[in-house]
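Order as written gives the chain letters A, B, C and D; numbering starts at 1 within each chain.
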Amino acid sequence: MDYSDYTFSLPMSVRDYEIDYQGIVNNANYLHYLEHTRHEFCRQAGLSFGEMHSRGIDPVLAHISIDYRQPLHIGDEFVSCLNIGRRGPKFYFQQDIYLPDGTPVIKAMITVACIENGHLTRGDVLAQAFGKYLKTI
Amino acid sequence: MDYSDYTFSLPMSVRDYEIDYQGIVNNANYLHYLEHTRHEFCRQAGLSFGEMHSRGIDPVLAHISIDYRQPLHIGDEFVSCLNIGRRGPKFYFQQDIYLPDGTPVIKAMITVACIENGHLTRGDVLAQAFGKYLKTI
Amino acid sequence: MDYSDYTFSLPMSVRDYEIDYQGIVNNANYLHYLEHTRHEFCRQAGLSFGEMHSRGIDPVLAHISIDYRQPLHIGDEFVSCLNIGRRGPKFYFQQDIYLPDGTPVIKAMITVACIENGHLTRGDVLAQAFGKYLKTI
Amino acid sequence: MDYSDYTFSLPMSVRDYEIDYQGIVNNANYLHYLEHTRHEFCRQAGLSFGEMHSRGIDPVLAHISIDYRQPLHIGDEFVSCLNIGRRGPKFYFQQDIYLPDGTPVIKAMITVACIENGHLTRGDVLAQAFGKYLKTI
């Protein structure tokens, strides 16, 4: 499959401990995959969440909306893809996960707000760091 | 606070290992809270997920939408509330979490589909088991 | 069963998301149970890990030794028991988990050291807080 | 560092969600790292845990002993190393984790027993699959 519609894509694989009694990846673990993908994108783009945190800046989730299309199973590999946009003080991460053959696993929209020293901000530090990646989504 | 608008409510408390480096409950753990609440509701209503699974019936998530309003911190107690509805083959869980003083923590809508021996079903087993709890939501 | 040989005991139950693909509680989750039990003991004894952390004191694991006797399954209830001892700067938590009928699930010995502002301490704050509970173990 | 004393080594890195309120990787997550390393070793050696499970064979933990030497922090990379041995029906995994500069993070000995269709076995299937890797440990 071609992931060129996305700004960032990360190949990952299911770890056996992420499978639950139903024999599929537990629903909460997708949020780990999505968080890890956002954090890897930011780290590779030059500003890690660890650094932001030590500067007193904490991006936090405001809203998530996830379509679960196809469950992941033991041994599965997958690709976790991301676009980033901004509207006002909020950042939007369009995050989709695919099987290697292109079958969609989840389709997600993650809304993030920026807290600085306990207060909501306009997100200017993030906008500066990630400005060149921002898309209309 | 009065939780009488909800069919089911479960008092819970944050476990320290659920807190992440930002000093708040990690976003994925709310899905654990919500899952545990649905499963406790079903168990107390007479049909546990364990039993369903051993009969070949597996309710799985189709969609989630969550508003994160107020993060939970170390030591926090909270109440996890639930209403259940049905439209066609899908079940809708309105799931809201509150601090003991009534402050909303998250507001969620969880859509569940029923898989029986690998195939999507009309959910009649669940509808029979939980029929008397179904609301218009 | 009689838990009077233990200083503290906490009734708990398995949450469905803690079960893995083998149909038993994943081995890592027992460390969550044990941590939660230690933290609940400390909280009820008057000094929570949250408070210790905000004072710059962080008890951390130095060593663990766990016998896995009997796996926990979906729907299981259990009792998590604890004794605490001290030798030099280290604290020892004897932590055993039982099924309600007294069958041992795990037998563990957890060794904890105290870090204060980044340095190993003699653990005097903990010894003062938990002194009356210390046993020879 | 030279990892040639080990049969298998796996480069990994800390994911931010594995950090807890103390700013270090939560103690339970090391069991995830160790499990993932064992499972990757087995998969690469030709017999995955998923396959074993579908044949009715489930290796389960009998005992673990872990020395926590140096905590992992946000952003850390590490190498997870493994040797495997056998005494009677039990398999022994010597599992050590290092920072890239060779500083030991944890030193662990993991004892595994084999359950086949609910009964303890002599582990012959594993011994056959992993025989050429067995060391005296």
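Everything below uses one rule, namely that a contact is a pair of C-beta atoms (placed from the backbone, for glycine too) under 8 Å apart; a residue touches a chain by one contact, two chains touch by 3 or more.
Being a predicted model, the structure only gives us computed values, none of them experimental.
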item	value
Most widely separated chain from chain C, with each centre as the mean of CA atoms	A
Rounded Å distance between chain B and chain D, as computed from the means of their C-alpha atoms	34
Chain centre separation in whole Å, for chain B relative to chain A (CA means)	23
Mean-CA-position distance for chain C and chain B (Å)	29
Set of chain C residues in contact with two or more other chains	16-17, 21, 26, 28, 32, 35, 50, 53, 74
Topology of the chain contact graph, where touching chains are joined (line, ring, star, complete, other)	complete
Touching residues (chain side chain A, partner chain D) in the complex	15-17, 32, 35-36, 39, 43, 48-50, 53, 74-75
Of chain C, residues touching chain D in the complex	21-22, 24, 26-29, 31-32, 35, 50, 53, 58, 60-68, 71
Of all residues in chain A, those that touch chain C in their complex	16-17, 19-21, 23, 26, 28, 74
